[in-house]
Amino acid sequence: MNFIRTFLAGLLVVLAAAMATPAPVSAGELEDRVKALDAKNFAGKGKAIEALEALADPAALPVLRAMQEGLLFREKATKRIVIGVKAARSFEIFDALSGEALGVVKKRKLKKISVNNRLRGRLRLAIGALALTSGDAAARSSAAKALVKDADPTILPALDRALAREQEVEVAAVMGVARAAIQAKGGEKSARLAAISALEGVLDREVMVVLGTLSQAANEPDAEIRALATETLAATEASGRYYGMLETLFFGVSLGSVLLLAAIGLAITFGVMGVINMAHGEMIMLGAYTTYVIQQVFPGAIEYSLAIAVPVAFLVSGAVGVVLERSVIRFLYGRPLETLLATFGISLVLQQAVRSIFSPLNRSVITPDWMSGALEVNAALSLTYNRLTIIIFTFVLLLMIAALLRYSSFGLRMRAVTQNRAMASAMGIRTNWVDALTFGFGSGIAGIAGVALSQLTNVGPNLGQQYIVDSFMVVVFGGVGNIWGTTLGAMTLGIANKVMEPWSGAVLGKILILVFIILFIQKRPSGMFALKGRAAEN
Amino acid sequence: MSATNISLRLLGNDTGARVFLAAIIALTVLVPILNVAVPPDSPFHVPTYAVSLFGKYLCFALLALSVDLIWGFCGILSLGHGAFFAIGGYAIGMYMMREIGPRGVYGHPELPDFMVFLNWTELPWFWLGFDMFWFAAAMVVVAPGLLAFVFGWLAFRSRVSGVYFSIISQAMTYALMLAFFRNDMGFGGNNGLTDFKDILGFNLQANATRITLFVFSGVALIGAFALCRFIVASKMGRVLIAIRDAEARARFVGYRTDMYKLFVFSVSAVLAGIAGALYVPQVGIINPGEFSPLKSIEIVVWVALGGRGTLYGAVLGAISVNALKSYFTALAPEIWLFLLGGLFVLVTVALPRGLVGLRGQLARRRANSGALKPKLAERDPAS
Amino acid sequence: MQGKTILGMATAAATFGFAVTAMAADTIKVGVLHSLSGTMAISETTLKDTVLMLVEEQNKKGGVLGKKLEAVVVDPASDWPLFAEKARELLEVHKVDVVFGNWTSVSRKSVLPVIEELNGLLFYPVQYEGEESSKNVFYTGAAPNQQAIPAVDYLMDQGIQRWVLAGTDYVYPRTTNKILESYLKTKGVAAEDIMINYTPFGHSDWQTIVSDIKSFGAAGKKTAVVSTINGDANVPFYKELGNQGIKAEDIPVVAFSVGEEELSGIDTAPLVGHLAAWNYFMSADAEVNEDFIAKWHAFIKDEKRVTNDPMEAHYIGFNMWVKAVEKSGTTDVDTVRSAMYGITYPNLTGGVAVMNTNHHLTKPVLIGEIQSDGQFETVWQTPGGVIGDAWTDFLPDSARIVADWTAPITCGNFNIDTGKCSGQNY
Amino acid sequence: MIDPSETPSGKLVPGKSILVLDNVSVSFDGFKALNALSFVVMSGEMRAVIGPNGAGKTTMMDVITGKTRPDQGKVIFRDYHDLTRLDEPRIANLGIGRKFQKPTVFEALTVLDNLWMALKANRRIRAMFTFTLSSANRARIEEVLEVTGLTALRDDLAGGLSHGQKQWLEIGMLLVQDPDLLLVDEPVAGMTDAETEATATLLRTIAKSHSVVVVEHDMEFVRALDVPVTVLHEGSVLADGSLDTVQRNEAVIEVYLGR
């Protein structure tokens, strides 16, 4: 919804701009060509798009954009071409060209002007060509980028004009690459060869596609050009390999962060308190569902929803944790294996509870715009924002937990109680409340993990089960009772998994990791960071 | 002073075991008779549906027994026992696949359907020999036993114990699950082995075969119970309990605790394998789902619910949980998980010694009628 | 005392069945065998509700043969051996006349021997790998030739030259990909232009694979992904695609297991333009469909719920069964089965579905593109219905086999070379 | 390698050492629990080891019984076996018995079963199923029950015994195990004066036919034992000799009274 609103706002701005500039072609001509977009088949629509593009009138831009987004309709009664925006159960419609509001109509009064992928590609090109001379720098830059793969040399004059006028150095550079890529595709041979050489080292994937196309006999008859394209591509790829390694490392750290997020709450409830908490996964699940509920309650604040969800999820899962501790787990201290059974029962109940409340279907959690997409370090290495956010988030969370355990009075009490309950109690610490709060704290952390994981995976009743086994592996591998062990364990497993995946495949990689854990535990029966000496025996 | 005098004490209450044995024997004898000899319209008739259902329960009971032997008496909590069960099941399943012979969907004389389908041209080496029943039967015992031996040897020798052992046993079954899911492994992938037709030439869908399998399951359970009782009542049983409660101390007295654990772990795995081998022909399918860590946790839950360290408690737990599951999934499909989950919580909190401890607990409450602390002697030993 | 408890349990378990069977013999019982808990509940619960709705509708119309229909719902809990147990319970204890159920292939395989032994009747509503035709099962979902092959044809028509076949490692993707691989090769696609990748169930870390797809697609030929990725693994897969910037215009993904219901759990904005091939889309422009959706919303009391292909399959299967029962005047399985052949029923996309003698349906195939509202926009559709083929023509071992449950073949697995039947019961 | 069971055995070989610790060091995370510790126990000797907390007494026991591997040094038993290469059961079966500081008995077993478990016998798995009690052993167990005053409690679970009774049971277990060398860690902790005295008498009796190392805090008890004393401090021997000599030693006084 939100995205549509933003789109609409942008649309109106563009419309205003379009109306301010005098129309270079007659309004009737434009209108006819817009009408032609409503052709019977996709081929007809494609022709209509080309015809519209040929007018080179920026006024057509909003129409094409609306068509690309699937918001262009024909009003059945008036045969007018309109832009429709869904409002509740009907559509608010605007005249396609003038942008004049035409009121609200029922869906069945409209016929959608459908597009397919091929048309969408065509539209992107047309919009790109039109946008080259208009809009802001970012729009021009992305318009130029869009031209790289699909455009043919006929666009070169327009591109040259745009390049000549371009003030921004960065945009001009992008246009230069686009120009070389387009030149490489056809025209005079020496110019093509020069253009291909100019593309060496450009890590842009689209450019590599162009080179790849040129290097194949099926696409390119000229052997010399093929050879140069192959050579250039190889050189570019070689420089990309280094980034490939960086990418693998990033994948590994990112997987490690996910494992760490999932395990860190368990490192407290299981590692510190000794509760074999099979309901840990369900605490994560509750956090993820909290995110969903927050997004439902505040549909207008999707961008901030995660920021709101983090504390709320902590409180929700934490509260459930405290209730569980007070009602069940406190009866089971000193019987760790029995906590396994009780918490297993609890996990079944919680799963079925969300099934009853939220239905067994997965819930859709929207990714805020600032977490979508990728940070392009260069064209060969792009770090996706959601992964990047989660890595940073995980480490911030980790530091906060470590600081809390180390410096706060709660942390001090918690450590005191877990190390020597009787002594702590004798010193006036209310051990049962510390227990409840510790368990609640661990559960709350799991809830926060749920908020982050809702951005990566399904939010459904099975969410918790996916992570529970891995979480235990991480905690045990790292060494029970040691948060830094858990961290290092998660990172080791994450990176090892990602390094192995390309040659072993995802499944075999995971099996090898498990076998590795089993063998590792033989060598270090208490994990990576084991307590030594007398303390280990109690 | 005599040995029996001492061993009786080990079982806590011997009448429990006797009543249990009588009940299982009665079930093994009565169910087939009531199914075959009693006309279907009689209220005493046991339908075939119930026979195969009970047969399944008996296999689960045997599996639970195997877990109780190591957990209840030796303190080894295996969260991967489903793996041994599944391997036993795969062994007999492979035999039954080979028995299909040319009657498969594609009519290949030797290869099972799923192999034809995945373009295998010849039988992989690990399928050789499974056309002979004796070989498959041997594998039912050898394969889980060997896996347990190797795994246990690695783990016990380096003194991996407690929660660490539980988690790596879980890792073991998880890894096996992933491996068996892989179609490239040659065990039928996710679908596992199915479409069985007969065993030793007897049609699996014939009532007589079903009854026979049921009786075999009953006999196996009784036999395994006797074996487990023999083990725990011998001096071995005392060593196991000593290891459970104070392993280090047992070592200082001169017992090679790793070897004892290895022994009993392997025996337990073999029993689990046999349970799997009896289970598969009765349900008609074996697939990697049996390796899933959750299944193994479920087994532990049966044992805990029935009451561990008594052998018959494990059996009682397995049968009652599964009977409840059968009942609830039909009666209250939407809420049965609430009931089952709630029951687990209730039993762990309120009945630390499981269902079999219920009587003792009630008796004590009547005697004390106050909330006295349980005597040390009655404290739960394995925690 | 312990002994008594065991016997008590046993008796209770044995007798509760009689209590149920004893009552109400004047209804026709419809068994519903869909998981309501466990991993598959996510997909199957909806189908249970669909059958309940269809039963309710039918009862409003006066039932069948003057009797009311009574749905018997059990929960096999995504546990495959439990499926067999529950199937037996439905047939033996509850004596149902027909069963609607199953989703996964393995659950169907588990149930199959029971259904065949007790001569039951099962309607299986999900697209599957084919290679099966049981006397006692009607397959109302798509066979591979009703989904995969038309989808690939469409993409080839769109100029795709390079193919990634990505699937979850189980029998449906394995088979589909094998069929597609062989089909693509007959169409002249070189081996190096096909990349096959399998991942485990519930795979959630797609970074490496998506990155591989990206570089596979950068080789200069137009590339598409044919996805047989199952269930839960789809959401992280699509999210990763979106985040790594793969747009449908660059590398379209055509999925066979992603429908409206799966999309309702995803933020579809980044997925616009990716494809799916089904026999039904909720967006289908037909009166019957609007009607069905309205009824569904009324029944489930939630305007936001979507409809999907397996629901249509149950809709067709259920109504065909009702028609067949009315035609034969009895619920006797063998009679109804014979009456099923050639029976037609309007499908929800506007055409007419036909039940063939190989127990598969003739249905149209639709290719749709994902829209931002979680619906599909049909971009292509077969001119008429496609006959479901139990045994694919693109694998040498299967090509020889035909299924036809009418004379003279009367067999689901007839080898035209040897002239013999084999495999399943016949 | 020669099977250790074939090497010269026998309870007492006068004039020979039974246990030699040679330059043994152990450290935990940088903390030196034992620091080049060397000392000798002669066959038939009873030796008391005293020292302040953290002097390394328990670690020394751990090293002898195979629980802790030393970083360096050797522990030679009966001039032949290097105990640092063997594990706990092996060492126990060679004839070294240990009584822990905190009484550890098998709580879920009866008193009788505890003694049964400890009884000197074949410890192999196979032997567990064929085990029967010989009349000599039966008499031995009766005798030990008598000595430890547990006859009446023979069928009670060990977990239900009082602290003192557990101490006695553990001593009883040592007696039936019949090792050549007994390591006794704080045997009288938590005992009444009368019990302490009885324990001292018992240990002196045992010492007639065994070699014994006693670790103890209670000076009265050590005095009552009337045996040579070794004082440990910071992981090495500070002094040894009779209790009186040791008590006059300047270094010992400084360690005990602080500076």
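For reference, chains read A, B, C and D in written order, and residue numbers begin at 1 within each chain.
Going forward, contacts are C-beta pairs under 8 Å (C-beta built on N, C-alpha and C of every residue); 3 or more make two chains touch, one makes a residue touch a chain.
All of these numbers come straight from a predicted model, not from anything done at the bench.
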A student comparing B-C to B-D should find more C-beta pairs in contact for B-C
State the chain with the largest centre-to-centre distance from chain A, centres being mean CA positions. D
What whole-number Å value describes the gap between the mean CA coordinates of chain B and chain C? 34
Taking each chain's centre as the mean position of its Cα atoms, how many Å separate chain C from chain D? 73
What's the distance between the Cα centroids of chain B and chain D, rounded to whole Å? 43
Chain A to chain C: how many Å between their CA centres? 30
Which residue numbers or ranges of chain A touch two or more of the other chains? 351-352, 465, 507, 510
Which residues belonging to chain C are in contact with no fewer than two other chains? 36-37, 169, 198, 200
Chain A-facing residues of chain C, complex: 36-37, 39, 41-42, 45-46, 158-159, 169, 198-200, 202-205, 207-209, 211-212, 214, 217-221, 232, 235-236, 239-240, 242-245, 248-249, 252, 261-262, 264-267, 269-270, 272-273, 275, 369, 371-374, 377, 379-380
Of all residues in chain D, which touch chain B in the complex? 65, 67, 87-89, 92-93, 97-98, 100, 104-110, 112-113, 116-118, 123, 125, 128-129, 131-133, 138, 155-157, 159-160, 173, 177
Going by the contact rule at the top, pick out the chain A residues touching chain C in the complex. 3, 42, 69-70, 86, 112, 114, 116-118, 120-121, 124, 205, 208-216, 219, 247-248, 251, 254-255, 258, 351-352, 355, 359-367, 372-374, 382, 384-387, 455-462, 465-466, 497-498, 501-502, 505-507, 510
Contacts from chain A onto chain B in the complex sit at residues 276, 278, 328, 331-332, 334-342, 344-349, 351-353, 356, 465, 469, 472-473, 476, 480, 507-508, 510-511, 514-515, 517-519, 521-523, 525-527
Chain B residues touching chain A in their complex are 77, 151, 154-155, 157-161, 163-164, 166-168, 170-172, 174-175, 178-179, 181-182, 293-294, 297, 300-301, 304-305, 334-335, 337-338, 340-345, 347-349, 352, 380, 382-383
